[in-house]
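In what follows, chain A forms one complex with chain B and a second complex with chain C.
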Partner chain A sequence: MNLRRWIEVGSVAVIGMVGLTAVPAIAHHSAAPFYDATKKVSAQGSVTRFLFKNPHSFLYFESSDDKGQKTEWQIELGPAASLTRTGWTPETLKPGTAIKAEGQPSRAEGSHGMCCAKITKPDGSPIVAGGRVTEEQQPPR
Partner chain B sequence: MSTTRRSITRFDRFRASVACGTLLAGALGLTVASTGAQEQIYDPTKIPALEGTWDGTPRARPVNSETVPWGKDNFPVLNERAKAYQKVFDEALSPKYDCQPSSSPAIQYDPYSMQVLQWPDRVVFRYEKDDQIRTIWLDGRKPTIYDWGLQGFSVGHYEGDALIAETDHFVFDITGFDDYNGIPSSQLKKVRERYWREGQELKVTVTVEDPMFLKQPASYTTRWLPQRPGYKLSAWDCDPEASRAPVKMMPQKYKD
Partner chain C sequence: MMAWIESTGLATWVRESPSLWAYPTILTLHTVGLGIVVGASAVVDFRLLGFARRVKPIDLSPLFGLMVWAFLLNATTGVLLFIADATTKSRQPVFYVKLSLIFVALWCTFATRRIIREETPDASPASASSPNGARLAVVSLLLWAGAITAGRLMAYM
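Moving on to the complex of A and B:
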């Protein structure tokens, strides 16, 4: 195996270890009016819908509290145009997938949204084998 | 009779010579723009090489925000009318939440890629974000009453190592200056762009004037880097639902 081939194999291995990471969101609107960067919120539940679109993608999931009260959450992600280039597809998060999300909460009273979320399996392990799904910055606008 | 025939023949020969000359010039890539005051000879070897697909993502420059590209050093000087608009501005008003594309001087700074094509009579800018296409006419044509639009009407010319584009005929846009600071732009907006190459980079200085809202022209300079070989702009296909979805996460400024 020549040097170039070793580099290619090494790169794939590194990607496999680090996993699937969303690029920092590309700006379409400022997150400041929508989400509070000084706070954190977390929830877990099952994916109900993955809107893989431009100008932003949205992940919807439903959580339940101890009394069985259900809440639908909306997580804002980057544009499909950017997510696609980092390996995401519309199938990355299928309906029914159990997830745990932690991110900045939405500001609107009564809303259940978040941005800049770290999304994992409920036990904290990566959803994608060997990796994680994280939106590390406020969503692009 | 024979004199007339000779005259016609000479005239036909003259026309044939002109036609041949034109064809030859076309074959050599030399096209004469035949209308208007900005008449100039197009020679692809003598114009700045702007053509290509250019990367405007964070790899090339900071992402746009409330302070980028309009920061403390170049923030526009607003008149009272603009300040009044800013005061009542409500983020939910922004047309981008219904897939309306941005316009100049914001579109040049959107953090995506764009493609530039240089043809004899025009330069075409295709923006990845919002699938926008702008045509900079080089043939001296003038706008008509049908040329008002979100992206306005653009004419241009080459000046040394630069392309100069001048755009007017913009329609009023509530976020037409940029989409972060609640500054509108009017039908009086004029945008001048100067594009040039610095090594591998494509650079532009964008200058905007709008006496309806700005006390004086404002400008910024930015750059693109070459996109990787083979890169193709993707279709944007803005989704109305995804476009408006963030709005319900924001406290509403007006209650009813």
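Moving on to the complex of A and C:
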């Protein structure tokens, strides 16, 4: 095979590999390396910290079980620029705000992280209404 | 030091502004610049590998000026993206891998420019498909592909 032929074959192979890693269109990049899309996890508690930033925001909240055992959760969210379109601001989720979240669990052993979460008030109603895009799930885009 | 960089007004604006003109635009320009630098470099490299033989390599030399401007765009947007998250990025080994690959790839680009410019205008079109030029072209393509991969991996490692 001549050089040119090698380049053609190599290019096709690279394009094929990229195709195999195709991700859902909504996501800017796949969350699969960090979160398990085949599982669901949910928790309820009160916000401790809200990092409203690019390229990913993070929401921390604390839940407690029947025995009073506390767990701190970390939810990975989209960029500040996208959250804004749902009507959220850095002030939307002040420490102490009660929330309910359901999302995909982090793959890290022993951690309490989730992504692609649906975050609502404890009664299931939206956090805020009337953004330019519907507040649904917040993938780490 | 990195914490201070990250706390400056400019870094905070890039990181925390909800505007599409902040982070999203900077990242987009970084990608466009990348497309031009690596795209133009790939055109020259593929020519040296024997593609488009009717084009004289010397006729491609204006592309190097374009690469410089696009590279400056990427150096600028790259600094902005770095300062927004300096403490994390400065601790990522893959970031230094990316910078090293870019550094060597740029050296290759300058070496390629020298090879092309040393060619006399009336030389036969095949002359710049010298073994040296072709080898340099392969190395250049691999280095840029590696730099892009390392850059993309910064989101994961």
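Worth a mention:
We take it that the second predicted complex is superposed on the first by the 97 of 141 C-alpha atoms of A that agree within 3 Å, B and C clash if a C-alpha of one lies under 4 Å from a C-alpha of the other, contacts with A are read in each partner's own complex, and residues count from 1 in each chain.
The rule is simple: a contact is a pair of C-beta atoms (placed from the backbone, for glycine too) under 8 Å apart; a residue touches a chain by one contact, two chains touch by 3 or more.
Keep in mind that this is a model prediction, so the values were computed, not measured.
Contacts of A:48 after superposition: neither chain B nor chain C is touched.
Shared-chain residue A:108: touches chain B; no touch with chain C. Of the two partner chains, chain C is the only one that A:89 touches; chain B does not reach it. Within the superposed three-chain model, A:81 lies in touch with chain B and with chain C [touch as defined at top].
Ranking chain B and chain C by residues of chain A touched puts B first. Of the two partner chains, neither chain B nor chain C is touched by A:97. Legend: residue contacts after superposition of the two complexes on their common chain; A:33 is shown touching both chain B and chain C. Note: residues 29, 33-34, 53-55, 81, 84 of chain A belong to the chain B contact set and to the chain C contact set alike, using the contact criterion stated above.
Residues of chain A touching chain B in their complex: 24, 26-30, 32-35, 51, 53-58, 74, 76, 81, 84, 106-109, 111, 113, 139-141. Those residues of chain B that touch chain A in the shared complex are 57-58, 63-66, 91, 94, 96-97, 99, 110-112, 128-129, 179-180, 234, 236-239, 241-243, 245-246, 248-252. Residues 3-4, 7, 29, 33-34, 52-55, 79-81, 83-84, 89-90 of chain A are the ones touching chain C in the complex. Chain C meets chain A in the complex at residues 14-20, 22-24, 27, 46, 49-51, 84, 134, 155-156.
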